[in-house]
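In the two complexes below, chain A is the common chain; its partner is chain B in one and chain C in the other.
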Partner chain A sequence: MSTLDLTAHPTIKRLLRSRWPQLILQLIALAGFLVALLASWLGTPIGNHNFAIVVVWIAWWALLMLLLVPALGRGWCSVCPLPLAGEWLQRGSLLGPRLDVSGRPRPPLGLGRRWPARLRNIWLQNGTFLLLALFSAVVLTQPSATGLVLTVIILVAVIVSLVFERRAFCRYLCPVGGFIGLYAQAAPLEVRVTDPAICTAHTDKSCYVGSAEGYGCPWDLFPGSLTKNTYCGTCMECLRTCPYDNVAVRLRAPGSDLLNPSGRRLDEAYKAFIMLGGAIAYSAVMLGPWGGLKTAAFEIGSLPWLAYVGGLLAFVLLVLPGSFLLAVVLGRRLARPAPPLMKTFVSLAYAFVPLGLAAWIAFSLSFVLTNLSYLWPVVSDPMGWGWNLLGTAALNWHPYLTSFVPPLQALVLAGGLGWTAVTARRIAEQLGGGLRLAWPTLLVALASTVGVLWLLLG
Partner chain B sequence: MKAHSLALLLLGVALGLPLTLLAARGLQSRSGVVEVHARVAETGGWTPETLSAVAGKPLRLRLISDDVVHGFAIGQGQAAPLDVEPGRPVETTLTFSRPGRYVFFCTRWCGPNHWRMRGTIEVSGPEVSPEPASAPLYLTLGLDLDAPHPADLPPAERPSASRGAQVSQSMPATVLPSGNLRSESPAQVWRRLREAPETAAMTDQELWDLVAYTWRSATTTEALVEGRALYASNCAACHGEGGAGDGVMAPSMPAPAGMEIGHAAGSPANFRDSQRMLGASSAILQGKILRGGMGTGMPYWGPIFTEAQTWALVDYLWSRSMDYEEVR
Partner chain C sequence: MTVVGNLLASRKRWAAWAVVALAALILAWAPLPSAAYAASARTFRIEARSFAYTPGTLRVNPGDRVTLELVPMDYVHGLYLEGYDLDVKADPGQTARLTFTADRSGTFRFRCSVTCGALHPFMIGKLTVGSGSLWLRAAGLSLLAALAGFLLWRR
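Moving on to the complex of A and B:
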């Protein structure tokens, strides 16, 4: 599949290599984050009039799930304000590396420990996402709960940065980073080396250890062997540090990584089910007609909430992966010779990435367009203190494009199912099983799609 | 080095801009406007509950709802009610001409304990001669508001003021009840009429209709309309739109502590119950409204309603157990 090298264009390359555009975007995000943090703690407790709730869970979420992740993959991670404080402390600089008298980069501040080997996976991120999901009904609606979550996240991010090297928090702990990485595999953008042979021969490995031009890969990757987007934060450090101009940012066919058989792992496979199951569960709780379910999700600590927690965890960790496992077992019986069970399970799970992304987009469409008009009053009165900075404080709530949303959701889900079907068949072919191996998996995908459609449109 | 300085400057701007919100908040808090937060009574009611003002000087308030729609008003008709919508602070300025203790209260049914959302404004100022205040009628009469007072012989059907008007045409004027009837119950007046020789030929129901006509004649259409509005906004949630004690809040009312008058067990008074209502006097109803139900969940309205409003409400309550055509 052909790609388009964006960095072949000098202006784009200069913009990407320069630290200033990135820094300015980071500072804008940081300022917004601080306003959100202040609003969450000091502003009105009315969620739809509080900057933290409206900007974080409606505006930012819409930007992330409807635009950034589908188009840029981990693009958000390159400007995310959460790791900035820790990273700047670690580096002792807002821009390029600090140099010693001999012109070499100074060692990073902090303990600089390696992240424990047995935790170098995304199981912890699966856990942090699920932990947040259990409290999401409250976190998404109550400013103080959002404030608590943001405060804990930023404190943990700073502490982890000062104890461990690079962006250990982003890579192994961030509840958002985990699923952005998963879905970045479907993105039409990638950072890759142009000629791996140059990297192999390059003894300094400045892209990994850093140089006077930039930092060693903050995501603890060796760009020379980078074949998937999952853990590349698109920070552009390798573009800055490569002395051979061997790193490119390229447009490509969306979803290329999903068909790459190398590096498929159980933690990522499970992430695909956690995310798909999460989209289904969120749709049921937040958009479904079951008042009892909503109440249970809100009453943290109560018996109904414990039942909700049990149900949610059972669904995303057992029912959905279990259904898929049955489909894999059935597929293996139909396909001869059958590939190994675990390899089939892990590999075919990647086919659910497009469907999961489509489910989240469809779910997000339902509330983002309905609630986006809350944004105009909160930018004028971010704390709900009765201000009217931009003259928009009195604008009333108004849902946008209500008749347009259901067909768009159906289209997105149909597209996601089709993409999943094509991906599943290609993966099954890679495994030597062909369509016989794939079709039970397609039934699970179809059932999931029908379920999401019913919850969103039924 | 210049680049690093510029980056630091930009960082300062990024951190400083949000912090200016706090500075602006500080200025706002020193603007002389008092912020009053409203939450449903179960989570705190008004904060602060007590405000201070000086007679003749404006008291500027910023009213902020932290949960649902509330209303704000000052008792005794001192200020028109305001709606306080969540997330939309409203400002108002009050000026009290006389020192004293004023009650502010919520005017929107915000929750089961809505009526507990009350606060006080202590208005200081030079001593002035107090306005002469008359004691409520039930105190003057020494009535026991909690004593049972059922009507001995309630009417077979709802007494009608319009039928009573026709009956009154054939009655000598001297027989018709007259004067201030607020201390008497309809049942007492009916008993007096029953015992009068001039009414011997009349049926019991005709006499009840005559009582209804008498009660209706003692008030005005304007008072009934005002009473109906007061009832709708303050009473209907518990006592029901029609007065049958079946308001939306009734199921959440506490069980009464041995109260008899007008109360079925565990429910607000049923104003359509002839036996219970027609044995009460206007003075008792006024007392109930002013003092409250003392443990039944019935709020006290003394600091809220003016005397005229209280009597208008009492007059309207009679229209629930007697048929006044204008306010069905």
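Moving on to the complex of A and C:
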């Protein structure tokens, strides 16, 4: 598969190697985050007039799901403000590594423990995402709830940074990082070494342990064996530390990682269903006409809320994966010879990544374009205290592109399903089962797509 | 022989993609058979209560003269109708009316246009004018995309 090496262009390479552009973007994101945090605690309690709610859940979400994840994969992770405080404390530096008198990088601050081996997966991230999803109707609408979530996240990120080495919080706990990593596999951008043999022969492994030029991989990866985007935070440290100029940032065919048979895992497979199920559930709760469902999702602790929690968990953890499991069993009956059940389940689950991403894009198009006009008043009056800093405080709510959104959603979902079909067929071919193995999987994907279409357009 | 075989296979594939493109165009734009009906006047009383409209789904025929009576039951609520770009607001217990000719077919969301509480951005109902076939057309296109991806796409 042909790729385009962006780092072959000297200006791009210089920009990516320099710490300043990244730091500037991080500081901008951090400033926005701090204003959001202040607004969440001190600003108006009316969600759609509060900077925290509008900027985090509408503007940032739009940027993330409609642009950054589809185009750059984990690009957001390289400028995310949430782990910055912990990372800066751990490093004892805002920019490059601190060096000792002999010019070698000093050891990181904190305990620097390894993350427990049993937890080196994304099950915890699956859990943190689901936990957030259960409270989402409140978190997305109540500034104080958003403030609480952001505060807890930053505190946990700081504590984890001081106890464990590298970016353990981002890699194993962040509720957002889990799905960004999953969908980064579909992105058209990758960081990879040019010649793995150079890495094999390089005894210092400066990309992993760090050097005077930069830090060892914050994501605990050895770039020399990197074959998927899932856990690469695109922080560019390996670009800085490689003494052989052997790391490249490349454009590639979208979704290349999904067809890579190595490293497929059950935790990631389940993530695909949690995310697809989440997009379906959010479309029903937030964009559907059922007031009872919205109230149930909002009234935490009530019986309807418990029923909502039970229904949501059952749908994303049992119904959707269970339907897929039946499809896999049926596919194995149709295909001869049949590959092992678990291997087939895990492998074919990756075919749902494009559809899940498409479902989130389709949901976000409607959610974001309907509510984006709340942004102009809140940037002028972040706290809702009657300020008018930019002269836009009095602009009225008006949904954007309402005639354009439904056809676009239809195209996005049809494209996502088509991509899922291609991926399912090719994974089934890798497993030796061919079309017969993949047919039932395609039916589950089609049923899911029709469900989302009905919720969004019906 | 191989060259000829490849050429034929290539032509077959192009022909298959042409059929897919034609089918997509038909699915997207072909007129659907519809029952004959006479346009009539339709009035709906819509009670608005945080955070739902009752009834939440409405269906009318194209050409109908539609009146929506918005009756807030708890707080001030609004009703903004997408597609028609119409907006009305009312105080609790009062009735505000919105009258228009349903001259655009499709399914259109209506949303509360007055901040009414935490779930205000999600207070939504829907009006279907005619068959509301977009999602069915989209489902057909999705099926087509799935079949094309499954059977035809080669890279």
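Everything that follows uses one rule, which is that the second predicted complex is superposed on the first by the 458 of 458 C-alpha atoms of A that agree within 3 Å, B and C clash if a C-alpha of one lies under 4 Å from a C-alpha of the other, contacts with A are read in each partner's own complex, and residues count from 1 in each chain.
Just so we're on the same page, a residue touches a chain if its C-beta (ideal position, glycine included) is under 8 Å from a C-beta of that chain, and two chains touch if they have at least 3 such contacts.
Note that this is a predicted model, so its numbers are computed, not measured.
In the model built by aligning both structures on chain A, chain B fits alongside chain C without clashing. Of the two partner chains, chain C is the only one that A:A410 touches; chain B does not reach it.
In the superposed pair of complexes, A:G418 makes contact with chain C only, with no contact to chain B.
Of the two partner chains, chain C is the only one touched by A:L453; chain B is not.
Looking at the shared chain after the overlay, A:T227 reaches neither chain B nor chain C.
One of chain B and chain C touches more residues of chain A, and that partner is C.
Judged by the touch definition given at the top, the superposed model places A:T44 against chain B, while chain C stays out of reach. When both complexes are overlaid on chain A, the residue A:T200 reaches neither chain B nor chain C.
Of the two partner chains placed by superposition, only chain C is touched by A:A438; chain B is not.
When the two structures are aligned on the shared chain, A:G292 is found in touch with chain C, with no touch to chain B. By the document's definition of touching, neither partner reaches A:S18: not chain B, not chain C. The overlay of the two complexes leaves chain B and chain C separated by a minimum Cα distance of 5 Å. The contact surfaces that chain B and chain C form on chain A in the two complexes overlap at residues 46, 48-49. Taken together, the chain A residues at the contact with chain C in this complex read 46-49, 137-138, 141-142, 253, 285-292, 294-295, 298, 370-371, 374, 397, 399, 402-403, 406-407, 409-411, 413-415, 417-422, 424-425, 435, 438, 442, 445-446, 449-450, 453-454, 456-458. Residues of chain A touching chain B in their complex: 23-24, 27-28, 30-31, 34-35, 37-38, 42, 44-46, 48-50, 93-95, 377, 382-387, 393-394.
By the touch criterion given at the top, residues 3-4, 7-8, 10-11, 13-15, 17-19, 21-22, 24-25, 28, 62, 64-67, 86-91 of chain B touch chain A in their complex.
Those residues of chain C lying in contact with chain A across their complex are 49, 51-54, 56-57, 80, 82-83, 85, 106-109, 111, 113, 115, 118-126, 132, 134-135, 137-139, 141-151, 153, 155.
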